[in-house]
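Next, two complexes with chain A in common: one pairs it with chain B, the other with chain C.
Entry: the complex of A and B
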């Protein structure tokens, strides 16, 4: 029997038999289902993923008529990473006019709301230029990045110092204190940018510092939505479940630690988010058929319950894309096709 | 043979994060004549793995994980203490230096590997966690070890294992030592890619690979 060339989650190539690919797809679905308490993919959906991997063309594409909206995060810096000398506004013009982006995201290289606050006045001229030279909706994006509020980078005691000493209550208080500072910074930056003309705010990599980080994003979204009902707010997650760094935080009666995408999106939409981006971790020792099937299972359950558009995060190390500096196009196109066609996503 | 009740109690102690109860249980079982290695293999290691698995699934959270890890470290210290008291009567299969690489403070897995290597007749120099690559090489030379084992629990610290390979080559010491790598994100492909001599999946595999490496080394 001929073998199928694919990869592991770290991008390393591997050849598998058809039976091995089928078994990996089934196991990936079952792993997601057992973790999140959701249904595995149906047999025909698993077969659809198998056919994508069986097809040995370098690139695969989605069916005509299934095209989705393309959004990007951190797009201000991505072309410059390729050592191309280009400023932020030009970079976003390239994304709009050459790369097919449907929305644009202006962001600062620090990409966290805290450092973006004192330089807000310097961000506005670039926003002005961008708004006057592009057509697509413009987001301003950054991360809550709660870690920046702990000593030595911020004013709050550092939970990473307190927890190993057994000072769990003190560590939890430190997280709670950090939340208030972070919410204040997000609201400040988002308000200033919105009043200057930006179409929406992208609160990105939410939950990177655990449940306190997710609570920060929910609270900030709630305040912003009340303040500016028409503001677009995209909430993109950092991982497949909310890490319990605090462990006891709730929002509107729902405990945040341990929530998977189908529960995360419910809270995001209640808070006022207008787009939700699930992020499913890659497992580097698992094959891509396993990882893609697993990610699609999580994202499909999220998409099914969501009343707001779902734009899954397909990028380095998330949603079935290998953890490599340059994403292999065979892997990217298969993960994209699987997510778009099975999860009924609204965008990527 | 470790009784099923002990296995269950060990699990409960770690999940509750009760260090005192865990240490007391370990001492009681060892004093009762049980093999400390068997106690680790059958009771505490599966228990800490269960804790890690629950954390990885979002069913148990960081404060609980830290208290469980602290209890596990205390139990590992008890077992190591007993083992080191008996190593004089064991044969020395070889000398191993073990460390967690710079930037990485995780050491539960490393301590378990240390325990099992000692229990299997190796002389182990555990030089701790967050150890600079230069220091690892210096200590390996000073103790004249056969194998250097490094642990990395983060994708961001894995490159230190590659740095070790490069430093050994730069100092002309690569042929003097065998190298073994481990840690949650580490894979056999990573070991092969950086040029390490072996990859250890877990503590038991570490013992197996150490035996294989030294058999190769002396042949």
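Entry: the complex of A and C
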């Protein structure tokens, strides 16, 4: 039986037999299903993923007519990461006109709302120039990044210092205090950008600091939607599972710790988000057939219950894409095809 | 989908500002432009459509309607409020 060349979640190559690939796909589906309490992929869907990996062409493509739009995070730093010295507005024009990007996102290199607040006045002229020189919808994006509100970087006591001392109530109070600061910063920055003409706000990497981080994004979204009903808001997650760093936070009666994408999206749309981005962690020691099948299982359940567009976060280290700076196109195209075709996604 | 090289930017607008899912967004844009859904990601068809409707196209050396003017036309075609267009109209007293 011929071998199938694929990769591990860290990007390194591995050769597997057909039976090994099939077994990995089934195990990946079952792992996601058991964790999130959802259905594993059907046999024909698992077979579809298998055929993608069995096909040894470098690139695979989306079925004609199933094309989706793309949104981005930290977009205006992407080209500079390749050591190309280019202005942010120019880099977004390159994305729009040369690379065919469907949306644009202006962002500060320190991609969190807290550092964006004091320099907001210096972001506005760039936004103005961008809006006058491009056609695609423009986001302003940043992360809630609740960690920045803890001492020594921020004003609140640090839960990571308090928890080892057994000061659980104090740690929880610190998180609750940080939430209020972060919500205020997100609303301040997003309001200024919206009143300057931006089409939408990208609240990205939500939940990176756990349930308090997710609650921050939900509260900020709710306030912004009340203030600006026409504002587009994308909420992109940090991982597949909301960590219970606080452990006792709820929003509209739903406990946040432990939520998986199919429940995260329900809250995001209730808060007023217009696009939701699930992020499924890669397991670097797992094969790509295992990781892709696992991620597709989570994302399919999310897409099925969602009433708003779902843009799965296919990027370095999430949703079946290897954790590497230079993503191999064979891996990228297979993860993309599997997610779009099986999950019936709206975008990436 | 190809952004301004096709109709990806227009479909994205319906998702972002109206919360439409992909099939509904494509159908809405296709009907608004008077093209088939299958033409939306065709750069040949969409280049001509975008030129005809003055909503920016990759024109290589020829003039094209760009920036706020193109977005004003998109706003009319899609019957969609575009934030920066409204701001331009307000600031100029045109709206």
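By definition in this document, the second predicted complex is superposed on the first by the 348 of 348 C-alpha atoms of A that agree within 3 Å, B and C clash if a C-alpha of one lies under 4 Å from a C-alpha of the other, contacts with A are read in each partner's own complex, and residues count from 1 in each chain.
FYI, a residue touches a chain if its C-beta (ideal position, glycine included) is under 8 Å from a C-beta of that chain, and two chains touch if they have at least 3 such contacts.
Note that the coordinates shown come from a computational prediction; the quantities given were computed from them, not determined experimentally.
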| item | value |
| --- | --- |
| First, second, both or neither for A:106, with chain B first and chain C second | neither |
| Partner chain(s) touched by A:198 [first = chain B, second = chain C, both, neither] | second |
| Residue contacts on chain A - larger count, chain B or chain C | C |
| Chain B versus chain C as contact partner of A:135, first or second or both or neither | second |
| Partner chain(s) touched by A:35 [first = chain B, second = chain C, both, neither] | first |
| Chain B versus chain C as contact partner of A:244, first or second or both or neither | first |
| Partner chain(s) touched by A:224 [first = chain B, second = chain C, both, neither] | neither |
| Touching partner for A:10 - first (chain B), second (chain C), both, neither | first |
| List of chain A residues in touch with chain B within their complex | 8, 10, 12, 35, 163-164, 166, 168, 171-172, 210-211, 241-247, 257-260, 284-285, 323 |
| Chain C-facing residues of chain A, complex | 64-65, 67-71, 96-97, 99-103, 131-139, 194, 196-200, 230, 232, 234, 269, 274-275, 306-309, 344-347 |
| Chain A-touching residues of chain C, taken from the complex the two chains share | 1-6, 8-9, 11-13, 15-22, 25, 37-38, 41, 55-56, 58, 66-68, 70-71, 74, 81-84, 87-88 |
| Chain A-touching residues of chain B, taken from the complex the two chains share | 57-64, 66-67, 70, 155, 185, 187, 189-190 |
